[in-house]
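Shared between the two complexes below is subunit A, which pairs with subunit B and subunit C, respectively.
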Partner chain A sequence: MNLRHYVTTNMAAPMSSVDKTPAECLQLNSTSFQKKTRSKFISIPGTRPSVQNGQLLVSSGVTSLDYLLGGGLAVGTVLLIEEDRYDSFSRMIFKYFLAEGVVCRHELFVAAAQDDPDDILQELPAPILDDVAIHRPGDQPRMSCEPQDTLDAMKIAWRYQNLPKVQSALASSSRFGHYYDVSKIMEPEIRQAAKWHRFYHPEHPPPSSGTHSPKLESYSALLKSLQEVIQREGFDLNAPLPKSRNILRVGLHSLGSALWGDDLCCHDNPKNVHALTSFLYGLRALLRSSLSVAVVTVPSHLIQDRALMGSITRLCDNAIALESFKGSERETNPLYKDYHGLLHVRQVPRLNCLASQLPDHKDLAFKLKRKQFTIEMD
Partner chain B sequence: MFTELNGILNASPESFTPGEFILLSDRQSDASFLIHHFLSFYLKARCKVCFVALVQSFSHYNAVSQRLGVSLTQAKEKGQLTFLEGLKESLSVLIPQEENAENQAMSFLRDPAAGLRSLYEFVQSSVVESNGGGGAEEQWGPPVLLVDDVSVLLSLGVRVGAVLDFSHYCRATVCSQLQGNVVMLVRCDGEAEEDDEGSQQLMRGLTHQSCLTLHVQGLPTGYCRDIHGQVELCWKKRQSDGQHTPKKVFQFKVHDKGVSFFARGTSSAVL
Partner chain C sequence: MLSELLQGTDIGGFLLIQDSCTYCGRDLLKSFIEAALNREEVIHVVGFDVSEGELKDGLKSSVFQRLHFHNAFADPLGWTDNSPFTVHQFSSSGLTELLNQTAQSKPATLVIDSLSWILRHVSPTAVCHTLQQLKKGGAVRTIIGLLHEDMHSRGIVGSVCRLATSVITVAPRTKADEGLAKITRRSKSGKVVQDEQIFSIRKDLTVTVLSKPTNFGRKQSNTEEQVDPTANLTFNLRLTDAEREAKEKLALPFVFSTEKKTALLHSGPGSGKILYEPDANDDYDQEDPDDDLDV
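Let's look at the complex of A and B:
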């Protein structure tokens, strides 16, 4: 219901008019981040403007992570996740991000070299269902079937009864951030309602064109494929946008690993040192000019060169690193017995403003519970 | 621009030292707020500015500059500002299209080992045409070149030597020939010992070429919410008023509309 406030009807209204509501001011501020918006601003489900600088934010799927990153992920930015050793928790956050996209009816673009993107999508956690629309045609009402004309006294119950069916479509899009049950898999009906695109590296053999560039063929093909999807599906801000706008959530799994053909993780002095960084530069260029958000995971524990990790981090906007306690001496440390690992916030962007929203505390630990991924101060 | 910083640097839009190469650097911190300062400073000083923005989009700089009282869109329309949006131009090079209508400035991305000649030629053409163009509606002051930032060129595969050559050529053209100023931002990550060869070399080379360096880093005592870091200013030559103060250190806090600088230990959080 809140999103109704954010629809403005007159974009040409001067900034200095005093009878603007704060929400409308935020509206104009958030469009300054977009390149070209000739049409009236239409609210996009699953997004909200930031309270600090009016940027358009989406939820990462993990509510406590949204809070740490200043309210959510800004549209047009990249979140870098440095994987934990067994890629268990980083993969979980990756799936939360995609699951949130399915629930908010965003489009997805999933790229991986190790697992088939179909398999990743089939493992998405189930959203906790009290306010998500389930499109089951033969849905039985929760109350027992009583004829409605005798329900004068039961009018309130009747309204509750209809609530999931009538208002659920609006409820799922107006709520920002959902909770997921990791012990259950997302229902195929919900998952199949989502529109998504895939890039599975083994399906794209390198062309034998023989171009001598420092960029890897795998990354170039990925960049090209992503640009095609952005342009074809109407996320490009440089082109006239379709009437009903949407966000594209881009998930890139384990970039830099050997399965992408990159030797960053294998050698101390890799041959293609600048392949990943050039790709990230191109990714940033694509995202800044489109309505999309990206989450990239990198197995940083395999990269020996800290300075290289530094330049990779700087080419992304948000960056967090996960350090799980599994298999380390901290697992049995009584100090950490309630937690699964440490979470380090490496970088928070300053976009469209001078100040950035750094988290108050830097010692953070996380715990993956069945229904929630919590991040707390250590 | 930040008025407190103008006081520290002894400069104002009406009077500043011409022909200077100012180096902004940071280590494990973010000195980009200084780029916003110098951008609005030189635009208010009615200089002809050429901004090579390699890491952020135009709307980002525009949004911040509006809070500092300068409109980049207007400056571009009036011809005062030449803005190279590296991100946008790079896409046509990184993803080759059939119709190559690319801006030549970013064509170094196709073969980074070859050097930054094309980027320098872009800078030269935008800086020289201002002085040569007679009959323009408004006369602008000396040219200024801003680069944000130089370290990303290393990440894209350009050699350190090529970047140092580029900065030297820019300095020769803009500072010596045209009596303008050059401001470049270079970023380091990690402790001084851990730095890779390239980034150390670049930092040292640029510091040698510059006459004023502003180095931003975090507090030596750790992370603090009220004091965002410290700035170390280093002058190479004597200042015009004869005082020889080679180094000054200030602490700063970044606000929404500006940055406040204060002497060490005098933060409002402490006093």
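Let's look at the complex of A and C:
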């Protein structure tokens, strides 16, 4: 069966695209279905179309999380990560997301208020790369002098000895989703090859005019800076796109915390109750009309108002919450002894379809091993 | 872990002592001050809660020239015209200026007694900003703060704890002179270590760490023993040593000599290598016999 999917526009997209007929819309619209023709599907390295609805997906850096989210993060959407108590695992996922961007040669935009974005980029985990087995002359003497069983030498399956255990190469960015070694830092050469933009909140002091707007100056400055980067670097879908397209990965760390100037976490009735929600609305509108993906982390355990947390969740497309066992009584529960915490999927997106793809299992727990962040059924 | 924290090797860190009305953390704070003075550090104390005399009580008087007390107890809100330190001076610029007034060769340790007082008069976001800027700037070596957690909502306490590199929460024990300290320490790599220790503070403000509380060790005693799958079977699955040796000596079929193995593994550069990547048309399902029918 050859289904034909037509282009639809999302309600949050800017008004200019509503007038266009489907035929006039750009071939690669991040919110549209893809017409199933054989012709020119322009591929961007590090992305692949979804098997369910043809959306363009990028990997989040954690392959188990990609599986949970229906194959990956759709381009033009926001992933909300509710932080765990000490921000250790959410920060890890944040770094995986950025590291995946570096490996796939996407551009990065990192914004933070607590740590300098340079420091965050210095801490990215090293990708596990293994060159495909090449015949090195140095190998042969090693083989002949070690006939006994070493860890590498296999007794029965010895024909597979020389094949690498993990097959991937940096050059082939057609691979979707990589593995990272948490104990090692990404090498500076790989990191410096990536193009990235930063927004460090202390560097943008608020203007002294005290206007009573529902938006906070920190969030408006961030949104303006992001919009400027999108337009300048050619990620905007409304403008004519450059020949070679790329994806912009936006990482926003700890939005809503006190260091952004927001008192959501501090008071039960915050003064700026609409600041973060209007920022997220503007962010999503910006992303829908550009080739970018955003990951936002929010310290939800400090936000007392559950209704506010609910509206923040609804304003993002994907939402997961991490609950780490450290310091809670669950740490001693024998049921959880293999895991580091629980993962709750709060929301999955409904992009251009009526029903979303729900994960089969609701009890998920995660475990951070050295080489993999696994999410398993509990 | 408490003794490590007392040694103060954390540069650029923020140590937070959280207490409540059931157990006062000021004695522990004074022990930290005492330990730092003994290490020949310069200490600046910003005191809101108690007066200078009360804070210095118990500290050895010989080291007072390195301890600078900024009296915020007398008039913190600036009701008189000449107040030595007001709560509005608690900003990173105000504090850096204050620290630079006393000429010093090395960065000082800043002790804040207490943060709760400041949080009731200055907005929490401003306090967090100040603490973050002090941590990053070079004027201060470490910050030690006292926070009364029952005076604030969970959100404010949580926001301040997020900034801290180490948090010590003190609670009372049944014996009057002992206290329970729950310590959470965040290393630079993001690893979080937690510990619980019973301590007592002597008259000369040295801290003795007593044993761990018993309920913390409950976790270890509950671990199940590894179940041995080869036990309780009607047949024998175990191997004796002699049997293991015989098993390893057994010649497997298709085992070649090492020369032939290496020759097969490292075939020369002329051998062909087939690289095949299945493309979109190539979707074969082994179970479907009709796959090649063109219906």
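Going forward, the second predicted complex is superposed on the first by the 293 of 378 C-alpha atoms of A that agree within 3 Å, B and C clash if a C-alpha of one lies under 4 Å from a C-alpha of the other, contacts with A are read in each partner's own complex, and residues count from 1 in each chain.
Assume contacts are C-beta pairs under 8 Å (C-beta built on N, C-alpha and C of every residue); 3 or more make two chains touch, one makes a residue touch a chain.
Owing to the predicted nature of the structure, the values given are computational and were not obtained by experimental measurement.
> Touch check for A:S311: first (subunit B), second (subunit C), both, or neither?
Touch status of A:S311: first partner only.
> With both complexes superposed on chain A, which partner does A:L223 reach: first (subunit B), second (subunit C), both or neither?
In the superposed model, A:L223 contacts subunit B only, not subunit C.
> Once the shared chain is lined up, is A:S59 touching subunit B (first), subunit C (second), both, or neither of them?
A:S59: touches no partner chain.
> By the touch definition at the top of the document, which applies to A:P202: first (subunit B), second (subunit C), both, or neither?
second
> First (subunit B), second (subunit C), both or neither: which does A:C266 touch?
second
> Is A:L351 contacted by the first partner subunit B, the second partner subunit C, both or neither?
First partner only, subunit B.
> Which part of subunit C faces subunit A closely enough to touch in the complex?
123-125, 128-129, 132-133, 153-156, 158-159, 162-163, 184, 186, 189-192, 194, 218-219, 222-224, 252, 258-259, 261-262, 264-266, 269
> Taking the touch rule as given, give the residues of subunit A at its contact with subunit B in the complex, in rising order.
32-35, 53, 212-215, 220, 223-224, 227, 273-274, 277-278, 281-282, 284-286, 288-289, 305-308, 310-311, 313-315, 350-356, 358, 360, 362
> Inside the complex, what are the residues of subunit B that reach subunit A?
30, 32-33, 36, 55-57, 59-60, 62-64, 67, 87-88, 90-91, 94-95, 109-113, 151-152, 154-157, 187, 189-190, 194-196, 199, 223, 225, 254-259
> Residue numbers of subunit A touching subunit C in their complex, please.
86-88, 91-92, 114, 123, 135, 139-140, 143-144, 147, 155-156, 158-159, 161-162, 202, 257-259, 261-263, 265-268, 299, 301-304, 326-327, 331-332, 334, 337
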